[in-house]
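Each structure below appears as structure tokens.
Both of the next two complexes hold subunit A, though its partner changes from subunit B to subunit C.
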Partner chain A sequence: MNASRLFGTALQYAFLGLAAFLSIFPFFWMLISASNTSIDIIGGKTSFGDAFATNVTNFFTQVDVPLVFWNSTKVAVLATVLTIVVSSLAGYGFEMFKSKARERVYSLVLLTLMIPFGALMIPLFMMMAKTGLINTHIAIMLPTIASAFIIFYFRQSTKAFPTELRDAAKVDGLKEWQIFFYIYMPVMRSTYAAAFVIVFMTNWNNYLWPLIVLQSNETKTITLVVSSLASAYYPDYGVVMIGTILATLPTLFVFFVMQRQFVQGMLGSVK
Partner chain B sequence: MADVRLTDIRKRFGSLEIIKGVDLSITTGEFVVFVGPSGCGKSTLLRMIAGLEDISSGELTIGGTVMNDVDPSKRGIAMVFQSYALYPHMTVRENMGFALKFAGMAKEEIERRVNDAARILELGPLMERKPKALSGGQRQRVAIGRAIVRNPDVFLFDEPLSNLDAELRVHMRVEIAKLHKALKSTIIYVTHDQVEAMTLADKIVVLRAGIVEQVGAPLDLYDDPNNTFVAGFIGSPRMNFLNARVISSEAGYITVALASQPDVKLSLSAQSSAAKPGDEVSLGVRPEHFRPAGQGDADLVLDVDVAEHLGNTSYVYANVSPDERIIVEHEGFRSADSRDRLTVGVSAGSSFLFDSAGVRIR
Partner chain C sequence: MNKMILSRLAAGLFAGASLLASTAAFAGEVTVWCWDPNFNVAIMKEAAARYTAKHPETTFNIVDFAKADVEQKLQTGLSSGTTDALPDIVLIEDYGAQKYLQSFPGAFAELSSKIDFSGFAPYKVELMTLDGAVYGMPFDSGVTGLYYRKDYLEQAGFKPEDMQDLTWDRFIEIGKEVEAKTGKKMLGLDINDAGFIRILMQSAGGWYFDKDGNLSIADNAALKAALETTQKILQANVHKPSAGWTEWVNAFTSGDVATVTTGVWITGTVKAQADQSGKWGVAPIPKLSIEGAGHASNLGGSSWYVTANSAEKDEAIDFLNEVYAKDVDFYQKILADRGAVGSLLAARTGAAYSEADAFFGGEKVWQNFSDWLAKVPAVNYGVFTNEVDTAVTAHLPSLGQGANVDEVLKAIDSQAQGQIQ
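Take a look at the complex of A and B:
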């Protein structure tokens, strides 16, 4: 190996090492902080402490953990399932049905990607207020169901779905909705898995919109609870980090369970 | 089994007409092949029969019933696709039985039909496999099996062998021919491969740009083509067309001289009124119809360009003149090299005459 190639390899490893450090360090810091007291954390302690059990006890004392997790799980799972069903139907429709208006409508859908959420917050809040949905979980889910990005993702993936499968299914006697549920969905399961991971993470981590529409403690999700712990007058950072760990676990679980399908889905479902 | 009748069938996409009025009658048990170059509309026509494309105008009947607006699954057809179109998430058994299960057929009857088809197609050991674990030929057999179990009136094949390698294609061609013999069913088969058309068909329908150019038995099309398109399309290598001029036209014979070699004159049996002296025509000669020098009605001198030696025969690509290149099948021409000069005989009896519009002069 000559000197310039050695230097290039060393540079690659240095870059990858830095990227790995930047990715892993927050988790490492989170675990260290969860085992220390607030005073140790503020003091910059970077080793494991012995306050883990105390922090856990305090977290469970201060937070109604089953209720908060139930709220987050309910909202994230329902919103994810609804988003995927609605957006995949739209993506399938945009790709399969040809009409003169199709591309114009699709462009409008994509245009909504350009509108920042900040511009939609007030109109959405007014809509929710007028329909009496403030402080309900439906109010969190409704605006997320028709996702322009997921529609785009499904339309692009549907391009790889063989049209002859659809033709064969028609000859076999299936109606369009049956083709969608019996043929398209199983064939595109990797695409669905990847979409599930993306949408579930987005919904689980959703913070701003729930902060606006959820007003009572009974409806709050984990992100709001952790945030409220951190913004207390004297925040207990050890307890906050326990909350952060617990809030991270479900998304990690979903990702690791669906990792293979996620990668397949991002590369294309149909081989 | 049923007959199929197409009456002035047309297909339009906006102002563009793809199928321009097809009239066709297919009798029960007949093996009909739609053949033509890419984009001629043969697959569109098949999809219209299947119900996968709407019919813009005209009438389609299967077994005497008008099928224009009938759902594909209710037309009594089964279709085999070019890419097999097997459901990738189902096993071979599930693929074959899916349509029957969906139609609400009893489990025992599905099992019986699937097993019968598997036996005919020798699919027994593959029944629990998924399509991705099968070779191309096996997938195609499963696709055919999926069609067989439906016991359709009409089988539709859309270029089913195009994705297979040359050897497997020949094997599957024989399998399909055997299947037709065994089932005695009506088959409509689309291909752009004229060898498939010639070997499989009872009747060939030659299409060009949405129009039926000629319908007939394979050898009838080979022996008696209506125009230069059919003459060129049927037969491999394709027919040679030599520029010629009519010298005389009388007593049931038309005598022509080649434009490039005026000494080469041939008198062909044809209606004298079809051409008059001075008319420009094309003389069609198939590569396999050239004779050794002196054994035809006239001799043609060629400059050899390239020779392909296939073992049993050789194809010689040669120039009649700098602008006219032809192919000659020449047995025992193994030592030929480029720039050799070759003399071959042409017989009037195996040549064809076409007018300047490409229409056959008979």
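Take a look at the complex of A and C:
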């Protein structure tokens, strides 16, 4: 009995250890590579080198870092805030207001999840070109704001929102928008936090659509810059790794800051 | 009398007006899309600076994206028909040129009436020609050479003269000697990359497609000879197998192999190993033993194209014509700074091309490459080179296991047929 329990625990730890190794190794490799020269990286060196400062200097001379980060941050933060406001309102509405057409409209919204982006790309591109939005950051944000997944996520979470709270607020004379902003939002803050993490990561790492829409060096986001650096005939992998680290940091930061709320939100907690 | 003055005045005014009009038309911003900040982008900036020096009213906006990204953007822009979202000049890899020209007729400006293409390497012009019209500006070449370690070969009893005018059979014999005497393999070979096959095939004037662009695999003598040669190399075991590009590069930078057969763009990587200075030589690549085979071939390369609906079309064409088709000094600069070998044959008359390279023991390697450049057989890269390449790559490993080459050809043929339908 004891021996088999020990074996079970050992197996558990072995599995967790393997999973941890698989998740951490790429980061570790990234850090090691950032401190080595391109030739050492190609040679498969697995220890820290002394080229970190050179790589950083090269990255900063090749890339207009403040501009690129400003572009990425602006797009990611604005798109995230807009997505969350619009999609949570929709999720709230779908759950709170009962009507005959409700489920049908909701199914239509969910159905859009099944259309691959590749199929939407060219029509979207034509729309943006006709409205003169090509090469603007607005063009990146607009198609992402009404996110079917986030609407779905908020509707599911709203099921846990006690309707008594809404009824009580109504009795106290609050209007619907007041209920939403003063009661619903604070109560659902874990849900918002989790949504924020998901949407921010998606927007920060967004690659294909910005690539299609952006046309100049001045509007490019960090993902496009790293991609361009990595596609040289002889890429300087050290510099590419610096770019990768800098591109990863904000999502890491957001995730660690909101980790607790993220887990709570995914579990569907209501404060 | 008065009439005459008046008419002269009018003529003068008209001339002035048209002069104004022509300068006004050439005051736009030329947008260029290309990849690789240290190569294409840097070279285009140099070209732009040269043009702006003479035409200050023209400005350039050179945007760098990854190669796959340029292709993705170009594809989206052309498919959507939103031509105002396209650049004025775009870089396209040579293997994909016909795909764009044939899939999007009328999308690129026809240049043969405005630019004299007779001074370029014929194979570069051929690959951008459709129905007799030329649509691009030939840019960097991947003319091939046989880079070899003089020191290893000398140990094995071979002099540089012995490396000239080789056949692949002789190359393998030498390889066996080299391994016996030095313990080094003759070449690095990545069995998951069809680049070597493409070099051999084109050296005999063949490609996956015939002159008319039809798929030609089963009865393709050049492809068959290329596969047979590769099989001989694999079976003679004179190669060092490498998994992927970096390992392949590592095989010669680390001194594990005695030769490299590839495009001239590898020169920079070879020369980056300063401690190997004086130990390398460059010879023409060995020849296949079939009719029409030669010592010149190509791997990779790309060219500039002007979009047909560009507002700055005439300006863009004038720019390409003035710099890329005429400026011999520009070609010296990009060779010296970036190791780029252009396709303009006259470039060889410049100083950088005439220089003896100490790294290669004082050989005039650039003159040699320039000679071979003119001799690269012109082939039709067709619309589906990349697709057929996948089919070829899939069947390369079976060559090493002793598969019958005719069977392999059949298998490639059927997979390629399926892939390009």
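Please note the rule applied: the second predicted complex is superposed on the first by the 263 of 271 C-alpha atoms of A that agree within 3 Å, B and C clash if a C-alpha of one lies under 4 Å from a C-alpha of the other, contacts with A are read in each partner's own complex, and residues count from 1 in each chain.
In this text, a contact is a pair of C-beta atoms (placed from the backbone, for glycine too) under 8 Å apart; a residue touches a chain by one contact, two chains touch by 3 or more.
For clarity, every value in this text was computed on a predicted model and none was experimentally measured.
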Clash-or-fit label for the pair subunit B, subunit C on subunit A: fit
Partner chain in contact with A:Phe125 - subunit B first, subunit C second, else both or neither: second
Greater residue coverage of subunit A in the superposed arrangement, subunit B or subunit C: C
Contacts of A:Leu211 with subunit B and subunit C, given as first, second, both or neither: second
Angle at the Cα centre of subunit A, taken between the Cα centres of subunit B and subunit C once the superposition is applied, in steps of 10 degrees: 160
Contacts of A:Pro162 with subunit B and subunit C, given as first, second, both or neither: first
Touched partner set for A:Ile138, first subunit B, second subunit C, both or neither: neither
First (subunit B), second (subunit C), both or neither touched by A:Ala232: second
Subunit B versus subunit C - smallest C-alpha distance in the overlay, whole Å: 48
Residues of subunit B that touch subunit A when the two form their complex: 47, 50-52, 71-74, 77-79, 81-83, 85, 87-89, 98-99, 102-103, 132
Residues of subunit A defined as touching subunit C within the complex: 39, 42-43, 62, 121-123, 125-126, 129-130, 134, 208, 211-212, 215-217, 224, 227-234
Sites on subunit A touched by subunit B in the complex: 162, 164-165, 167-174, 183, 186-187, 189, 270-271
Interfacial residue positions of subunit C with respect to subunit A in the complex: 31, 35-39, 61, 63-69, 72-73, 76-77, 79-82, 84-85, 87, 246, 249-250, 253-254, 265, 268-269, 272
